[in-house]
């Protein structure tokens, strides 16, 4: 267990800077998820922590020790790769034991540690199999097991679930969360999937174009997005954005208004804060999504309970939302109070 | 294409490269350099000193009717070997491709001549056509044809061509069959439904789709005929009769080792280096094209 | 369903099928005939051959001819020549594979000054056969006193980049994550090479070995130049040496037995390891 501190960490490839200075203090045992669209620099950041990429500026410290120039193997970290990176010619046991073997751990201890990890991950029946004889979920577990047996101070996960099908992804997500709780190892987890981020993270870092737009607990990020990007990226269906001209009486500094579909409700035509016409409704059972074209031409998605009445398509309707739920942004996309 | 991940350090990679670099330097670059160097000199008649003649050896070679003849011989020989071996291989591959079952068996039966050394192939064919004991030449005699490749230049050329092409059929067959099997069945079926008969289909669809394979084999077979058929020539004709089968590689050997004309042999080596370089460039261009194909 | 123009669209049936088979069998017979004839000649006696036409079915001299060839041969026992060929072929294959694995590893997995230069120096040699530079290479080998030696037979034929090229191509396809995982696991470069890269290359190594073994075994010109001592002859070049000079009659049964023996090892390897062989062939031409 350890703390992990990033201080204005930067990365450039040649003349192009791709990460523009990220700061974060991670406490012992904390589960931090870095989330963002592809190309935002989240994987690069993780790989710098792992020591697989050089750090162009700033410092990375594990437990107070600056590790910028320390080899991956000496950083006391373990990593789970997106495609698992299992050694294809080694059995499950050998895959898990490889790092310990290199570290010249006594044979008996290797056996013991692998046995414990295998039990934890329900891999005991497969120890002698090769990776190609395993299912996707089992391979995923082996990759986890390989990380666990090393008893690292920090776990690094690079989109570990993205190669699994949807059902397995949900299951493995729960397993990872439970495992991390049980082991209490500081973890840094990269994903592009906001649901994964929301469910796994103690705190999450939302990255956008090489910057950490917001760092906070999932609920805090959801309730109080710091930027238009964060508001749009976190939450599903995505937040509606529209120009202030669709509603009345906003300060001139407001450039965009954001309202989450679940925070708006239908009102009678002419009532509420905005007006539009229902284009079509998607009934999903528990909820219904109403797709409304605002008078300004912008689209607005509204989520209501599946039992609530739905107007006929083409009907005029009003939209209302509580004032405290409205998110106002300036021209740079920054949140206005 | 570059690896994202690399290890640090420069001493270890240099050490790893060392064996190959040393062997390449000693047995490749130094001799190649020597060939270029020697090609500019003529040894005196007693072999005691070398006299610088500039491009004299090349001028002499290019005006030497024997050397020019050898160029023509090599061209004729290479084209014949390529056409004969590729033609036979394509014929067999097209037939084998028509079978759903059994093409594997024929493949097994047809690939092993590849393993027979050109020199051994030469001995086998020389035995069949031997003027004294050869079975084929004896039966040809019964038919009233007096086979004698020791004296007849055309027959000598024919024999070395067939003997050289023989082992090559296996190789070409493998690549043609693989090429044919890679053509989607649906394309051929669509043509069949469009009413194209076998020969039309072959000419208008199969052969064009096979052209990357064909072009690749063309280059590879020419290289083979140029450089790897020494054993066939040496065992069957030793370049004769009247140098009718003296291809360039054989002439380098004959002039350098038998005739001890080092300057000329070195100049010939340099010319061959250029030919190889040219063929390599063609092949590389082709490889690039194939990657994008 | 409409009748198609001819039934050969996927597979010929009936008469067509038999014609296809007949065409193939004819081809196989033509291809086989020289080998069959050599085999027959190796099982009959000398008088049966020198009074043409020789028989087309095997005789009863098989053991006698092969024993004579293997034990006494003509200039040197063929058993000895087989041994020489085996040492040369295995030496060339292993030597090439070892130096190529090392240099490909260096070129793919390291960045160091002069990397591009070495890369191109090695790849210049890609297609240049020893036949082209025989005289100077002969002088180098003679200068080292390596005439009539195994090292003289082997080393000059190792100086080619085909295998390096092949391994480089293969290493490029190995996922980067494996090297990263190994680094995180604490493997240093040589450890990664030995524990991960080498085991993963097994099939490629085996396929290449098949191709290189045949290449080495079938060498002719080079052994012809540098082995003047019959006891160092390889079998492929030794056959020609068995023919008498002048008008003497050749000992055909022994020569043909030797020819069969000369083609046996590579043929066995090609047929028994057909899959690896084809893979090696396709790989090495890529």
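By written order: A, B and C. Residues from 1 in each chain.
Here is the rule we use: a contact is a pair of C-beta atoms (placed from the backbone, for glycine too) under 8 Å apart; a residue touches a chain by one contact, two chains touch by 3 or more.
The structure displayed is predicted, hence computed values, not measured ones.
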item	value
Chain contact graph, described as a line, ring, star, complete graph or other shape	line
Identity of the most central chain, Cα criterion	C
Chain pair with more C-beta contacts, B-C versus A-C	B-C
Gap in Å, rounded to a whole number, between the CA centres of chain B and chain A	60
Rounded Å distance, chain A centre to chain C centre (Cα mean)	56
Whole-Å gap separating chain B and chain C, where each centre is the average of the chain's CA atoms	15
Residues of chain A whose C-beta touches two or more other chains	52
Where chain B touches two or more other chains, by residue	5
For chain C, residues that touch 2 or more chains besides their own	180, 183
Of chain A, residues touching chain C in the complex	50-52, 71-73, 77-79, 81-90, 98-99, 102-103, 146, 150
Chain C residues within the chain B interface of the complex	4-6, 8-12, 17, 20-21, 23-24, 27-28, 31-35, 37-38, 41, 49-50, 52-54, 56, 98-100, 102-103, 105-115, 118, 121-122, 125-129, 131-141, 155-156, 158-161, 164, 171-172, 176, 179-180, 183, 188-190, 192, 214, 217-221, 224-225, 236-237, 239-240, 249, 252, 255-256, 259, 262-263, 266-267, 269-271, 274, 277-278, 281-282, 285-286
Touching residues on chain B, where the partner in the complex is chain C	1, 3-7, 9-10, 12-14, 16-17, 19-21, 23-24, 26-35, 38, 88, 91-92, 95-96, 98-100, 102, 106-121, 123-125, 127-128, 132-135, 138-139, 166, 169-171, 174-175, 178, 185, 188-189, 192-193, 195-198, 216, 220, 223, 227-228, 230-231, 234-235, 249, 252-253, 256-257, 262, 265-266, 269, 272-273, 276, 279-280, 283, 287
Touching residues (chain side chain C, partner chain A) in the complex	175, 177-178, 180-187, 191, 195-196, 199-200, 202
